[in-house]
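Can you read through this structure? Questions will come right after.
Each chain gets a letter, A, B, C, D, E and F, in the order it is written, and its residues are counted from 1.
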């Protein structure tokens, strides 16, 4: 039985080897990545029956997305766009150490998903699921994706499916004002909100300490759970009026892209399996740390590895 | 002093290794390719001072195009598009032996060049040049490229620069009828026409033997030189009422893409250096054969290599 | 609904690049391969809902097998062996042109599947399926696999599921006499037999022309369909007393391994979709030819590609 | 003249690139590794005439082992097993930063060496050698390797050859109790014992500080030299009743596997060349640090490099 | 209009992957490198019209050098040596972490440039340029390069072109005494001197603090600007009697080779564009830090990236 | 006991992948190659105890040569040149199909071997050997190598060791006249001469059919055996007045370099093991054909493979 449904865009990801540049590299590593499918993959590897909904071009690159996700254990509910011009969004990732920094070049305009309509997706999957998850990237892609996001959240809410939403503000897609207006129009149906501290400030205007921000969000909106993610500084959850904190696990970073999605995937997987908020946060932090050790957008990991990491961590703390 | 100016789109080219598929390959070889820049590269390597005109996104991928062309010895007259959404057209190449066949997946819509206007390009380069060359792909990309193509041909014609045009019909971009109408509107300024036999039939409706087709074109239009390219069957030029024939040189094909462009580059380089039609055809055939032995769109070769190939060829024939 | 169930061993496949040797290569390409999963993959890509049954070690390498098969669209019904010593069979493939020849080094003894028992597999999948397929490799692996093969064929036969069997004799695993005895004990339940001409001679002692061999098998045993595969010489099916012939499609071979499995996958996919024997043979030949152009054991292809290949083929013949 | 003879198993080593996983990587780097051959390689590169004794399958993979060792300057005294099923032990190495950790998956059961008998090896090499070395891994592989280990130690002891033994306890092969019993049965012939601090505790039950453990071993057994290795904490030798300490040299670790073997190889090479215990420990620490900078099991280094490293180190200390 | 002219040797650079050794690696990465062309590349990417003068073999490897430099935006003024034995200097680079250290193996004797004569180079480029730059490596290569260096500096000085000189003492080419004598014979024409602190001591015998050394050079010679480079300790410029200091920017080093050349390129580019000494030093430090993040000798970077790095840096400092 | 001693230069070999060019490739495959060591490797793999004599730079690249040869089973008798400038000869290999052709760029002047003197080599190895082999390349390298070649042949002849010599004329090193004069001065000591038909004509002026050339050489000089190699046309031996012919075995060529050396290695291995001339020629042809299927200069093969190839061949012929 489906436990988690996610909806969003997955792109082709192309990256030159570390130390080489997009201008000069002769080979690009090819993979796929997308916030919502990354979450589904992380959860699926942790034992969740997960489905990803989207629209893809009926092309080798579109099939590649479905193929890789299936390989990672995610079932796909995809509408295939067979129009001549249907394209897959693409992003180029250039790793770079300090002072250069890792950079992303997007080429995602007019991707097949930008024309998706609710009727093209198997919404019944959402109705029977435990959790429906999407992010603040999806409604930013086009009017159609904004509409479909709203419709799917409504469908989920009506069916009693828990709605999870990761703000994930992307400044290259829209302004903070536009984003806020759309986000707030969706929040009625959202039960679990993931929000990076930076977005809480940029988009929603919160200031002050992380605790103050979390309480601010808790006061202004009506979420069951608010999870504030703070990069190296760890994370914070407000649930039932109580604050839960979680540190970041030390990790040797090979590839930081997708860390936040692994965090959400870890959190939701534990929640679906009945964990309390502290457990959810611990799973989230563990999955995020493991993700950092693996090349690519998606967290290739096992439940056993995650448990070992958490056991080590607890061990270290108890001494 | 500039001898050859070409104008057109150059794309990023991504290809999995031979035997692997776009759906499953983990690495893509990255390069660039475009009919008109391929011609400029071939000519530049054969000693022609060549300039390529175009519009590129001001991004690492756009800079990559200029960088590679400069490396091959071509000077660039590029307008840089620094808008957020400016993109580089991309094509995916999947090699495949029989019965599968090599396939190309285009992702070229809305590339930066589709907004190019004549005023954005250094047209004075054309005015001082010996030959201006473009292809039937360029006007198919957008209204703006069609307008600019017409304007540049007119500029060249007025300045007494020889105009060369390779029909290169692309069925994925427009219908034969649309193509024909546009082509014919440009032919007034064209002096040297390269036309694949297949296009002569599909677009212009010629039937019959290659000789009949060449004479038909020679009768219906007013070109100085018509070169009919016939794949494995060689080529045929009609010039001053006389027919000139050239066979294909045997080649071990590593990568067939760009063969036609190397042919044109070889032909024009010899013409610019004062060769007669037979010499131009021989250079064209030699450059095309050498191209086939090299990976990538562009012909990496030297004048000395081409001369050796032609000497061998003549040697073989004279015995 | 499940249409095809296959059962057998899938191994890790390691191969140095073409021209390099197992003794000296510094890198091996890694993939997976197994006759029965290869068939399932080919069929799945041609639109069949296919399930593969087996036993795998609960290790990264075991998970790799399930992961790749899922990616190719095959569902897996796997028993996971979590014993310390559970291992994945491995084979090393060294490409080699004439006069050396491609060679395979097996390291498959004591693989997890050699302890599989019928009760460990989801046999209900077979009961609802249209076709159950296995090969003559599986019963050769161990007493347990022999028993399980027999039990699954019996289950299928009882449920009215068509039983397909590819003889695929492996001289490194047993003698012709042992093989024949086991095969004949299974033939009662087999409806569709695939047998390489060479095996018909070596194992069953048939001599004479291909037609004579096919008729001999048809007379001596009671199969619904007998398909004799003859390498370059094409294939021959005896069905309802009638002979059907199919030539081999010309192909540029990148990797010949798995060609026979693609043939079977093509045949069964067409049969499941209601094709007659001639259509099944044509699909089989087309899938086999496409396989040859792709690196790896499995046929990465699409239904559309196969149809194009067959249309071309028919086109060539009709002229 | 042979100076060092080692005896043990060498395996094929397969590893995906750093950041990739065994489940998903498309290429594995291929090499070889084994504790005793690693020691021989390190010593050979430091100027010792070293021979490695073992049993290998008469297959490309078996020949690969002999080939690589010869390349590194080690002579081989190998019995070739030409039985059909003879296999080479294999291990898969997956690099992983914190918190995941580097992991090893063994597939070594039933390797050719598990059937080795003393009579199959050129034991005369041991009789003329200065030092014979083996490890606690070898007797754990099978009854035959245990017997052969005992026999070779006895041969060496009788011939007056110094016997060196590295405990190297492997929990995946046997229990601490089994290991201890076997080890103690061999200790009569051992002159130089290398023992990781962790093994001293796990297998032999020593507790307390490193100094206490070293003295404990010195008291309970009758070794000429006991070297306690302590990872990052350096090493400690008890020799003639005196303690000698050596710190770890700082190293940028590319590949930690084989560090302990390089340590032993450095120690023994210096001992064979007449160095005192402090020099032996310094060489050991230097070789170990150099090993960490090189990919693969074996220490590719030169005597000159080692001397430079030690000079730098002494320089730093003396200032 | 030409702004910067540099003169010197550019070599083929071959390097095994990090962690592998020249003795054992199966593949070498191929690139080019040379102090003076590295400077030209850095400056060209920062918007300077730069020309590099040299002599190259008329061979594929020689053409490779010109090709890569042109790609990076540098124009080339090259004499082609078509003698049979003309060769390109080559260097092998082996990365190595502590305690091994990165090592360079030179194979540069008798390169084509060692026969260069002033008359073979387009010296008029120097006469119209803003800055002429060469290094202390060039006169060490041969008598001919020493003569040509002197002649070009004289030409530049006479034409009023600013002369820049980076001491860059190479102990493998000559003794400190020989170097000093040659350097001092050239200093009359030098306006801007770059000198590593280590060379100031080794070659010129200065002792004391960096400030004392800078003042010593300022007193003993008559340079417009002296820039003392101090590795991790930053740099120091003495100009018009005033000292200017610049720290090193933190950088994750992928490849340290060429850092000093990027420093000089950054400095000169800013000076050519009218920057004051502090700005020149800042640009120099920024370009050097960016270089460290990129594989290869040359700094692949953009002006925008450099500005961002400097803005971040100033931001960090002002807080 | 040593059976075969060879003497000559071994170079570093660098080659871009097939289809890429020396001017543009980003990676070169690295290996080693030299006519005389290639012969030694082929013979060693066929069971001959072979030693290779030479002079190498005491550098990582020099050590690489010794390391690879030892790996292939050849013992090395090398003088190490530790002078600062000692270099390893290098050659660049660019594969190219028709009409381009595979090309070699040599960079071998002033290699360490060009200063070798007889006293630097362990000539006693030659005295005890069955066969001493060198080629016409070695005396062309320098006066010192010419002297040493003469001295070693004399040593061998005096000791009763059979002297084998492969003419292998290299037009890039000397003129036919110079070569002939040197060769003839050495022929007194030569027992077995290998000479390509082309060299027999170019250097020695023989004309006519292969049989006429062989008889001409047999008449003019006093060799025990003359082997004329004729590329695709096979080979011819004149021995004891009788002619023996051998065809070329069909082979799929991956890398043709080293084919002639594998031929000689196969011939000499069989001769050393007591084969008659026909057997020697068959082994030679088989080893040459196997070589063509393997990347690199040296023939990685086994005796068993060679026997299988010859059995197949005889099988084909006898039917």
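Throughout what follows, a residue touches a chain if its C-beta (ideal position, glycine included) is under 8 Å from a C-beta of that chain, and two chains touch if they have at least 3 such contacts.
Heads up on the chains, UniProt names are A, B, C, D, E, F = 2-dehydro-3-deoxygluconokinase.
The structure displayed is predicted, hence computed values, not measured ones.
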Which pair wins on C-beta contacts, B-E or C-F? C-F
Compute the centre of every chain as the mean of its C-alpha atoms, then state which one is farthest from the centre of subunit B. D
Looking at C-alpha means, what's the farthest chain from subunit C? E
Distance between the CA centroids of subunit C and subunit D (whole Å) is 44
For subunit A and subunit F, what's the span in angstrom between their mean Cα positions? 63
Measure off the straight-line distance from the CA centroid of subunit D to the CA centroid of subunit F, and report it in whole Å. 40
Give me the residue numbers in subunit F that touch at least two other chains, ranges are fine. 21, 23-24, 26, 63, 67
In the complex formed with subunit F, which residues of subunit E make contact? 14, 16, 21-31, 59-61, 63-64, 67, 84-85, 87-88, 90, 92, 94, 105, 107, 109-110, 172
Looking at the complex, which residues from subunit B come into contact with subunit E? 63, 67-68, 70-73, 302
Interface residues, subunit D side, partner subunit A - complex: 17-21, 23-24, 96-100
In their complex, what parts of subunit F are in touch with subunit C? 249-255, 286, 289-290, 292-295, 300, 305, 309, 312-313
